[in-house]
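Note that subunit A is present in both complexes that follow, paired respectively with subunit B and with subunit C.
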Partner chain A sequence: MKFPQPISYTRLYRGPMILLLAIIVLPLLARGQYSYLLPLAQLCGIWAIVVLGLTLLMGFTGQVSLGHAGWFALGAYGAGVASSAYHVSLWPAMFIGIAAGGLLAFIAGVSILRLKGHHLALATLCIGVIIYEVITKMEITGGAAGLNDLPQLHFFGDSDLSKVYLIWFIVLLVMIWATHLTESPAGRALRAIHGDEDAAESLGISVFSVKVKVFVASGILASLAGVLYAFVYTPSYLGPEPFTLIFSVLLVTMVVIGGMGNIWGALAGAAVLTGMNEVIRLVGERLGSTQMSKYEELISGLILVLIMIFSNDGLIPGLRRIFQRKRS
Partner chain B sequence: MTDFLIVENAGKHFGGLRAVDDVSFSLEEGSLSAVIGPNGAGKTTMFNLIAGVFPLTSGHVRFLRKTIRNPNGACRMGIARTFQNVRLFKDMTVLDNVLVGMGDTGFLKASVRLPKFVDAERLRMKRAYYVLEEVGLEKFANTRAADIPFGHQRLLEIARSLALKPRILLLDEPAAGLNRTETTSLAGLIRKIRGQGITILLVEHDMHLVMNLVDRVIVLDQGKKIAEGTPAEVRANPRVCEAYLGTPTC
Partner chain C sequence: MLALVIINGVIIGSIYALISLGFNIIYNTTGVLNFAQGEFVMIGAISASWASAHFSLPIALLIGALTAGAVGVLVDVLAIRPARKASAVTHIIITIGASIIIRSAASLIWGTEPYQLPPLKEGSISIAGVGIDFQQLILIGVAAVCMLLLSLFFRYTTAGRAMKACASNSEAARLCGVSVGRMSAMAFGLSAFVGGIGGIMVTPMISMSYASGTSLGLKGFAAAILGGIGNPVGGVIGGLLLGVLEQYSCLHSSMYKDTIALAVVVVILLLRPRGLLKR
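Take a look at the complex of A and B:
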């Protein structure tokens, strides 16, 4: 074959196929004394959806956002308020939450995406903080007390296992979409903008509008995750506590730890940051220590620092290098 | 006077600095011309005005009777450019660098990924490969752009512009940093591109390259046009020698 060819379908869908297999098998292993891991898997999936969007924005396009907790909250509260205060039924409420996130991402994106680097990061950080403040101060959102008795999205029953399947099925769809996008001229445009905006502009790419598009996409994904958080993960109660600036920082950490500009990296980042504390606790128990939980934060922080030192472009690119070295 | 590319009393001031000051010239379709001048003469600024990088302080630049508004618009009108300090997408492959300007960057089509879309992509890749062949870089197609030698990077930038199927190609110091052999083959490539009917305007320091290659020279000094003509005419112009060497004879 003389000419270069577009990526083949087998290679394109290898990642999603592996994920599908893992989604089917892994949750079945979490039985009996390990069933407490199922809620953790739900949370991990919800975070993975946000991180996939953020990876497109940060890893591929090079635009840092420190405000995605805000969009997550917007999705959760958009849907929550619609159903509790306006008695909108489940599906329309979900749509409202996602649409609210998309709309605000568009408005914010158009206003701030001409900023670059640190300035953009600061602007997104401010938006995230504003959303948090508005949510805690408003009456309709229940303020610091939050919202109670939200409806629950059922998916073949409401066991923890079925919730895991529902959430990860959505993760799979998002992953396929992200793979399609990154393996196309659009993905090429994202990486070109990351590399050199002026050069991209001179090649006919409308840098600003592409940035707005990817910002809106990541905002929509964050809100979608927020909706799932409100209606699937904790349907009984929604409070403002999780949506602070720290959560935005945590999301960025997931992107960076997993590996910027890498779809698997997004999933790995979400998995590492949800699973790490649990693993540390389990290891501690095996070693016969009941004191381990005290040092969880310390150890997990150290692990993150070590990952960055030994593979500063993230976990997945690092593992790939080790794998390739072994093969050759 | 043609109406292909017209620069009319163009001026660009940065604060008190008149980087380009009341410059007028025009290019005929299919011509090969150069803008020369000592350092700080305003060559690159002139260039950026044509490429739509920033608005003019005064005057007009018109391409096919239309005003150029921004780099994006310039590209759509058929004006392609290279940069003085090579600006490739370093982390992307050589082939991907060429493909960036070839369009179809919509999100929706990419999301659905219909077979038709993949066929179009296949065709684009084939075309990009042909463009690479034209500049002799096809065997580096899958190499990261940052990993090929500097001379090749310059060629890749030209290939990237050619993929846009431009009407006019602006080359900003294409020979800077190249050795004699590379410069000679570059001259061959520029002649070949011109042979395809693409109008070329280059900014160049390398007098040797300019004098043997182009049919028209525009000389700038301190933002003003001081001479214009064939290479021979310009070389005999005392004002040009003055600007370059400080003496009226060279």
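Take a look at the complex of A and C:
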């Protein structure tokens, strides 16, 4: 009988090491006329944090959430309201944002995670939309007008470059945590639940409590990303526009495009959806077309569909297959 | 007051019911949850409005519904068929991609401004003290006729039975000589056609722009899941219920209209974890 063996540290840390290298080198390349890419890299990092959490929930545990834009909003607004309306200072406000997300994820998780499949998707969708609507209608959140002049988190200055380093440093930490988790017995429990809940239960895994834990973890990561969005990415203005249901759908798309149940897939999915429009625009410029911006959305939809047709299980597993074929 | 809530709820609910019917037609034949359903509604409405400037109204409406149907067939043939063997989640993402393509193509072809159709019949009557436009009555009637015809179609025609066979066991259906691919294309076409009719019927009441389909589609999705996916009758009930819930919460607080309706949906889900009509 073969038991799963713990993998060696060199293998475990290969991914994070590659990411660390990329984090240090790539932002330095974005200088001069390309420095406008730095805010995009910040956004990509923020999304990557949400998608990493969602990958654990969806890809590994098999529980679909169509409401994570809501937790993203909770983090952003929890921290934003704490500092603007109650004049809480920066760090406690950040903590409040994350705690609010975690607490609501726990309450929601305990009540709805008994639902399965499409029904869970619908329940999370409803909660996400409810959070969005409450935020846009409440007075304390500034309603549709949003919040202005939030405090800014400084990390060796407040240039775009230092913001990129701050956000991606956190992405790296989350990634290390996620790799450790997925290679541990707990990670195997997640995959067992994905495979067959009843079988997992009979193996002694407390399915429901594991589901709640991973839901809370993904909710906390989403609200952490929200806090970073509010205090690092756009401290001058926080409005409700980015937190719609469409964004929840987009997050799920990122998870699937990159490759479900794959840590690198989460990063790839976030990168594809943030970078796609920019790449389309750059290619259009090279081809000498100024009309490209009109077709950005059309082409990005086409790319999404083509990726899913040519690699059913996402980008990273597809690329892996191509490389393995070359090697053999 | 209650009569007003129920009548308005049934009016808006019957459009959700039609959209959820579209979801179920595709789901029951192919097992795909189609997130481009709202875009079919939009295509039907906008192409009919566009055609009404060039042709007489009945022909324009027919053109609208047929255009929607054609777009549905195209989605199946170009996007779903090449990935037939993929997982359910992959299919969902493909239909999300398709919805992005349809939306942006519509904005390129017809522009971003909202369209509106003239009502089929002007005027209104009063029922139980509530004034109802003839157009709203027509919407309810058309929705009911569509539901009736579809249930007859699935029960008594060869094509309808073949489509049901594909859903329960596509391999066995293939062995019996059913072309699974053709049935899938038919399901998408039929579902988009029905969605298109829904869009055409609702456009005299609410104007339709290239982006309006998405939220309608999601309401239809909610209705279908609420009723128990794969159960067309459940979907219709879910749609009507959602419409009435929305109107009811509108009465209490127009500000938190969706919040109240969706909170009730969550509660219903918790009480009936498999959908309204699932055993």
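Going forward, the second predicted complex is superposed on the first by the 323 of 328 C-alpha atoms of A that agree within 3 Å, B and C clash if a C-alpha of one lies under 4 Å from a C-alpha of the other, contacts with A are read in each partner's own complex, and residues count from 1 in each chain.
Please note the rule applied: a residue touches a chain if its C-beta (ideal position, glycine included) is under 8 Å from a C-beta of that chain, and two chains touch if they have at least 3 such contacts.
Remember, it's a predicted structure, so these values are computed and weren't measured experimentally.
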Kindly say whether there is room for both subunit B and subunit C on subunit A in the superposition, answering fit or clash.
fit
Contacts of A:Ser111 with subunit B and subunit C, given as first, second, both or neither:
second
Return, as a multiple of 10 degrees, the angle whose vertex is the Cα centre of subunit A and whose sides reach the Cα centres of subunit B and subunit C.
80
Kindly classify A:Leu267 by the partners it touches after superposition: subunit B alone (first), subunit C alone (second), both, or neither?
neither
Which partner chains sit in contact with A:Phe3 here, subunit B, subunit C, both or neither? Use first/second/both/neither.
first
One more residue to check, A:Leu238. First (subunit B), second (subunit C), both or neither?
neither
Examine A:Ala93 and indicate which partner it touches, taking first as subunit B and second as subunit C; both and neither are also allowed.
neither
Does the superposition put A:Thr253 against subunit B (first), subunit C (second), both, or neither?
second
Given the touch rule stated above, what does A:Ser206 touch, subunit B (first), subunit C (second), both, or neither?
first
Which partner does A:Ser184 reach: the first (subunit B), the second (subunit C), both, or neither?
first
Greater residue coverage of subunit A in the superposed arrangement, subunit B or subunit C:
C
Lowest inter-chain C-alpha distance for subunit C and subunit B in the superposed arrangement, angstrom
12
Provide the residue numbers of subunit B that touch subunit A in the complex, in ascending order.
51, 53, 70-72, 74-76, 80-81, 83, 87-92, 95-96, 99-107, 109-113, 117-118, 121-122, 124-126, 128-129, 141-142, 160, 164
What part of subunit A is in contact with subunit B in the complex they form?
3-6, 177, 180-181, 184-189, 191-192, 194-196, 198-206, 210, 213, 217
List the residues on subunit C that touch subunit A in their complex, please.
33, 35, 79, 82-83, 85-87, 89-90, 92-94, 96-101, 103-105, 107-108, 214, 218, 221-222, 225-226, 229, 255-256, 258-259, 262-263, 265-266, 269-270, 273-275
Complex contact set, residues of subunit A against subunit C:
64, 111-112, 114-116, 118-119, 121-123, 125-127, 129-130, 133-134, 137, 245-246, 249, 252-253, 256-257, 260, 294-295, 297-298, 300-302, 304-305, 308-309, 312-313
